[in-house]
Amino acid sequence: MSAAAPATAGPPPTGSGHPLLSLSGISKSFGAVQALTDIDLQVDAGEVVALVGDNGAGKSTLVKVLAGVHQPSSGTFLFDGKPVHLADPSAAIDLGIATVFQDLALCENLSVVDNLFLGRELSPFALDETTMEVRSWELLRQLSAKIPTVRIPIASLSGGQRQTVAIARSLLGDPRIIMLDEPTAALGVAQTAEVLSMIRRVSERGLGVVVISHNMEDVRKVADRVVVLRLGRNNGVFDARTVTTARLVGAITGAEDDQ
Amino acid sequence: MSAAAPATAGPPPTGSGHPLLSLSGISKSFGAVQALTDIDLQVDAGEVVALVGDNGAGKSTLVKVLAGVHQPSSGTFLFDGKPVHLADPSAAIDLGIATVFQDLALCENLSVVDNLFLGRELSPFALDETTMEVRSWELLRQLSAKIPTVRIPIASLSGGQRQTVAIARSLLGDPRIIMLDEPTAALGVAQTAEVLSMIRRVSERGLGVVVISHNMEDVRKVADRVVVLRLGRNNGVFDARTVTTARLVGAITGAEDDQ
Amino acid sequence: SPEGSSSGGASGPAGSTVAFLMPDTGSTRYELHDRPGFESKLKELCPDCKPLYNNADSSVDKQQQQFNSAIAQGAKVIVLDPVDSAAAVSLVNSAQSQGVKVIAYDRPIPDAKVDFYVSFDNEGIGKAIGDSLVKKVKEGSVPSGGGLLLVNGSPTDAAAGLIKKGVHEAVDSSGVSVLAEYDTIDWKPENAQKWVAGQISRFGADKIAGVVAANDGTGGGTIAAFKSAGGSVPPVSGNDATVAGLQLIIAGDQYNTISKPSEIVGGAAAQAAVDLLSGKAPETTGDVFGSPTKLFTPTLVTQDNLKSEIVDKGITPASELCTSEYAAACAKLSIQ
Amino acid sequence: MSTNTALDRTDERLSDSSGARGVVSSSLRNIRDGDLGFLPVVIGLVIIAVIFQILNPVFLSSVNLVNLTLDSAAVGVIALGIVFVLLVGEIDLSVGSVSGFSAAITAVLFVRHGLNLGLAVLVACLVACAIGLLYGVLLTKFGMPSFVASLSGLLAFLGLQLAILGDQGSINLPFDSALVQFAQLAFLPAPVSYALGAVFAAGFLLARLGVRRRRTRANLSAPPLGVVVGGAVLLLIALEFVFWYLNRARGVGWMLVFFLILVLVANYAITRTKWGRSLLAVGGNREAARRSGINVSFIYWSAFVLTALLASVGGLLSAGRLASANLSSGTGDVNLNAIAAAVIGGTSLFGGRGSAFSALLGTLVISAIANGLTLLNLESSYRFVITGVVLAVAVGIDSLARRSRASHGRA
Amino acid sequence: MSTNTALDRTDERLSDSSGARGVVSSSLRNIRDGDLGFLPVVIGLVIIAVIFQILNPVFLSSVNLVNLTLDSAAVGVIALGIVFVLLVGEIDLSVGSVSGFSAAITAVLFVRHGLNLGLAVLVACLVACAIGLLYGVLLTKFGMPSFVASLSGLLAFLGLQLAILGDQGSINLPFDSALVQFAQLAFLPAPVSYALGAVFAAGFLLARLGVRRRRTRANLSAPPLGVVVGGAVLLLIALEFVFWYLNRARGVGWMLVFFLILVLVANYAITRTKWGRSLLAVGGNREAARRSGINVSFIYWSAFVLTALLASVGGLLSAGRLASANLSSGTGDVNLNAIAAAVIGGTSLFGGRGSAFSALLGTLVISAIANGLTLLNLESSYRFVITGVVLAVAVGIDSLARRSRASHGRA
């Protein structure tokens, strides 16, 4: 059933070659639904891995497993070559895994600044609001966000504004790997371009990047390798520079299977 | 400051020519933020109008005004040529305005079937669950949704699955105008194609369609007219068949202004 | 089956179950005095009788549950201190229809014909503390425009209503005017304190010649209100002879209280229960509401007779009263 | 069953096979994942029963269980009412006052003013509905949180209760009046009770068979015939056993039957009508419900009105059982017990999740603890402590089960 | 101020101009939109004051207001504690029991066992902390809803309170003990009170000036100097006036000052520390907070512990004021009043929204009603009714204001 065979040897890693994160045999079920079955994934430092797949293929579930949100039913998880167990998201954050979730996971009742610095506020006993606000403006400008004021609750932002805030969050701190789950879905043209170039910039700084997208153009523009999931299983790994959109779509929809 | 002047005369309406909905001078402010200023918009029967603009340009706010969610601070609203006041969303629904909101507005605690038929359940005093379930499967298949079971709460669906549910909702009932706020943002390749063709199909049946998207390709593929908003104001109306992506992007980002 | 058999009557007391159902925990006497008095007397009179105890925490519904449960456990006699006298009628009827005898305790059940009624006289208590306080107040001089405050018991408690009635009987005819009165919600001392503090602002401490408080708790709250207003404390009444109340009397802050050594009433209830079980008519002091009744007269306690009524009669030992803080005052009253 | 895959069983990620095997395997998985529905509360009840039975063998006697069922009915009806406001994510702190106020109104009209009992009850119920409507309107038109509105109501209606009862403070209801007879003495004749058990079970069977037939016809998965029939037979046996056991003493009280029927009706309204669906939607996401065209105000009003109405009915049952309406009717822990019963039974305080059966089960837990304690000779202090601890243990089991469900990713 | 546009004022959709004009125009818009912060509650208070003053002119007398301030302190401290659990979206129904239990522990250790008062208080506070921790652990480790856990606690600790008070039921605290002196008789000497007012105002001014300086330096918009200084001067005048007025009678109680300082500290902790931000985050969206790396369990624990601790402190103040610990300490309406105070002041029952000042304002509303009623000769029944109605009216004003805000699209 799997079309992965011809591709699994895969293209040579394009990053520094040093594997940052590697998963094997990860499975996860929710009640009657088997969301992930036997997933393998490797991300090298300096490499941009695109994770693609149809709706419900299990991409977000995989990202959540990597972010410590869900604990897998089985499988092994190596970080920097060492096996780790992520009991909760803070464990992942401590390892340097920063995540932009598809549902954004922002606190609607808090302001933009509050959300950006949530969990890593400056000067915990006498919050340095001024510096945090200045930093926020810088970050948001950098991503071309059009947010009128950073002192309003997230609840009153537009969809794209929220998404920009979530992306900006992941750039704070000093992550070693950034995972972005459909980061540009709600973004405007200019903002999307900024995020794609941001992805390239951080990977050049040696960070690993995992990006999920349904836009094959964007994927091929920004990724080094493309990992395809289908119905919760691996369905091929491709070199982003050489693969065609048609080939990717085939692997995603399973059209290949029928050939 | 406005680049709209050369375009306002605009292309001839491409639909049946019979104006379904027409707004003029709509403004809306939230506290210190002026989200919409003096907006004009017209949608004809059988016409697909694309609403584009940068993040925070006011597209969703405009849709919410049309859906009765927000009441505008000023402006007039004609439906079928008659002035109407939408005190709440049910007024809009009664007029035949169906809306897919950007935040989807689904009840996470209810199942897929429950959400699809919310507010228009079959046989109110002895719910016809069987027929509703069958209808749900049909609708979802039609949109190529990959949802394992329709009896789980929305909370456990993936982002794209939820979006498909929200879109399917809008097709139930018998709307005269459908508004879709970034309907394909979270959809896979196949699902996006289904939704775009669905849009063409319903407009051919004489419905008016308003669609918001950041994807200029999709916009040009599906729309008759493109209305651009910028910072809460009209910034041009274009004929989708003739306008270039570059021209649109210019109107969206305001690059034109600087020329 | 153990259940359902209810042949009632004079089969002799041995092995019988007797229930003792008290109304609330707001006042301490029931568990501290009434219950021990009842149980020890019962043990003495009928060693293999089985006492059941329950307290309804001021809830009529809970009392009904406890009453039914006592019958389910085969009680032959139920001693009932009703949370609500009217509501108890139905309990009495259902018990008697099943051959179970009911002794009304502490508070009467006017609308039912109970098998026996034993109590201190609550209305009498109200009258006693009222009379005594009025007398004390008249000994001093009532300022013009001045008068008494009445701090009654809980508005939802029938016994409080009886006490209130007695207090009014004493006060209304006394010639000392009543400035204001208040029903203390839940008998809570804090509520009494707040209300009295309000009256002090309203009338001025010097216009308040005395306060008739319906029990020691509300009396204590009253005294705290005067103390924290910084002025002196006028005569304040009480009821129940709690240790805290007696101590305030010793210290001179409270004027009177009522000693109702409830062990005695509890014992009398046990005696009556055993008599009923053996088919004898219990000894009475008369009839109240058509039922044979035994009423005990409570004793009014002030500084003058505290030693003789409380300490010497062994109701509360001096050691409990004369803790370090009250030692000096005790000595003055020659209580050791 | 048709041999081609059912419409809702085509996704290859679904691990359930259909038929009896599927039922077993999915039940096993549910146990593993902690998705046990009401089972944990029931286990909590069993533990309570075992503890009290050990401490005093009267606990499980027929006589005592008859008492327990009658004790449960009045507070159960009030708790059932609470379920409705909780479902929409609101609260009514005044159910106790409303129940007492209703009892007072009925007693005053019926006993003091000689009004016909039915009319007196009707007036009390109408007043209660008006109170519910008031809270609803205060919420939807003035935006006043129901916590505060009903707290004000708690005080105001307690005051009115005291005021209309007046000096006497309590009014006896005649023993031969229908209300008292119903609440105190009306038991089903034994044969009628067995027939009723059979009717319940048959109704259950027919409903399930109907669903099965419709689903099979529509090519949807459906429970195997054996499972449906087996379930109905089990229900029949359980009901007949309970009724037989109660019939060994005074029997099955009409009040119990009345409560059970109310629960069934409420369950139907919540799960099988558009209105019930709207309740859950408003409680789950008020804004989404509004955008679906639901008349959100009406839903709030109806929930508040039902809650107040059931509080009133509960108050009347309670007064009937006591044959008296008095100052303390509905005071004390009535409010908290009713809310706690619904919550213990699994209805969420935050709206959108709950069931009519939660009122039944939660009330049984609370009444069983209270009843069990009446069988022990305890000082009040220990009674309080034990009530608290037993409650925590009983609910703890349920919580643990839910927690395991959460950790298995179920909502 | 720099002439180039401030960093946060560049968006052309923002209608505020900077400087004093901006302050005025934004205030006007806020009034129109109903975004009035605490103003509506304050207006509610003013209305209560006017009504009671008309009914009895003693209400606003210095003597009575001193009482009112002292009455408020104990329940205010408990309400302040409630704010913490409400912020994380949980509840503690047992604050009354915990307050009574703490009073009992202190009284027994201090009076009966002759322990040093400070030690006795410490023990009571530690026990309270343990109780809070227990609820926290039951929630985070067992998933037991705090409603049920604290309901169990309400009963269990009431039982323990009865048990340890034991045979006497009520223990007098010596009038000359520090606790009673503090709660009943400790007033600030007038000059000290004026100095304290000045210190409060100066502290406010310095803090605001500091913010202003830092923001201006960073090229962020900042309130004009005149507005900052003007605000501080107004605060100074208000405080000194209140203190002067209270000084006409017994004066400014230490208990009041203690409560005010607790409110300020709590406000600082909630608004200006990482921990406070985490409270709001957990209450707003628990899962988002968890994904931000916040130690959610710790946040819950700390909230429950603080609530219980403040309940304990409130109980001690209350016992000190009464000079006695007794069976009914902390029973009755203490729980509901404390929760209601926080809610009336604007803290949400659903988490993520609220303020330390809500405890202050809500407590004033409740205490003012209770106090006003003590000045009227009323039957109990009318007392209840009037309390309910006045409460509804006072809160109604706030609700209407919020509603208008919502209809203007503010969250």
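Think of it as A, B, C, D and E in the order they're written, each chain with its own count starting at 1.
The rule is short, and it goes like this: contacts are C-beta pairs under 8 Å (C-beta built on N, C-alpha and C of every residue); 3 or more make two chains touch, one makes a residue touch a chain.
Listed by chain with UniProt protein names: A, B = D-xylose transport system ATP-binding protein; D, E = Xylose transport system permease protein XylH.
Please read all numbers here as calculations on a predicted model, not as lab measurements.
J.: Which chain pair has the highest count of C-beta pairs that touch?
T.: Going pair by pair, the biggest contact count turns up for D-E.
J.: Quick one: which chain's Cα centre is the longest way from subunit A's?
T.: Result for the farthest chain: C.
J.: What's the distance between the Cα centroids of subunit C and subunit D, rounded to whole Å?
T.: Here subunit C and subunit D have centroids separated by 39 Å.
J.: Quick check: how many Å separate the C-alpha centres of subunit D and subunit E?
T.: 36
J.: Find the geometric centre of each of subunit B and subunit C from their Cα atoms only, then give the gap between the two centres in Å, rounded to an integer.
T.: A distance of 74 Å separates the two centres.
J.: Averaged over CA atoms, how far is the centre of subunit B from the centre of subunit E? Could you give it in whole Å?
T.: 46
J.: Which subunit C residues touch at least two other chains?
T.: 25, 155
J.: Among the residues of subunit E, pick out those that touch two or more other chains and give their numbers.
T.: Counting only residues that touch two or more other chains, subunit E contributes 13-14, 162, 380-381, 409-410.
J.: Could you tell me which residues belong to subunit A and also touch two or more other chains?
T.: Within subunit A, the residues that touch at least two other chains are 30-33, 146-149, 156, 231.
J.: Applying the document's contact rule, which stretches of subunit E touch subunit D when the two form their complex?
T.: Residue list for subunit E touching subunit D: 91, 93, 138, 142-145, 147-149, 151-163, 336, 339-340, 343-344, 349-350, 379-389, 391-392, 395-396, 399-400, 402-403, 406.
J.: Spell out the residues on subunit C that touch subunit E in their complex, using ranges where they run on.
T.: Touching subunit E from subunit C are residues 25-28, 32, 155, 180-183, 185-191, 193-195, 197-202, 216-217, 220-221, 223-224, 227-230, 242-245, 247-248, 320, 323-325.
J.: Taking the complex as given, what residues does subunit A use to touch subunit B?
T.: The contact residues of subunit A facing subunit B are 30-33, 53-57, 59-61, 102-103, 145-149, 152, 156-161, 164, 182, 185-192, 214-216, 231, 249, 252-253.
J.: Considering the complex alone, what residue numbers of subunit E touch subunit A?
T.: For this pair, the touching residues of subunit E are 7-8, 11, 13-14, 211, 214-215, 217-220, 272-275, 277-278, 280-281, 283-285, 287-295, 352-353, 409-411.
J.: Within the complex, which stretch of subunit A touches subunit E?
T.: Spelled out, the residues of subunit A in touch with subunit E are 67, 69, 88-90, 93-94, 99, 101, 105-110, 114, 118-121, 124-127, 129-131, 133-134, 137, 146-151, 153, 155-156.
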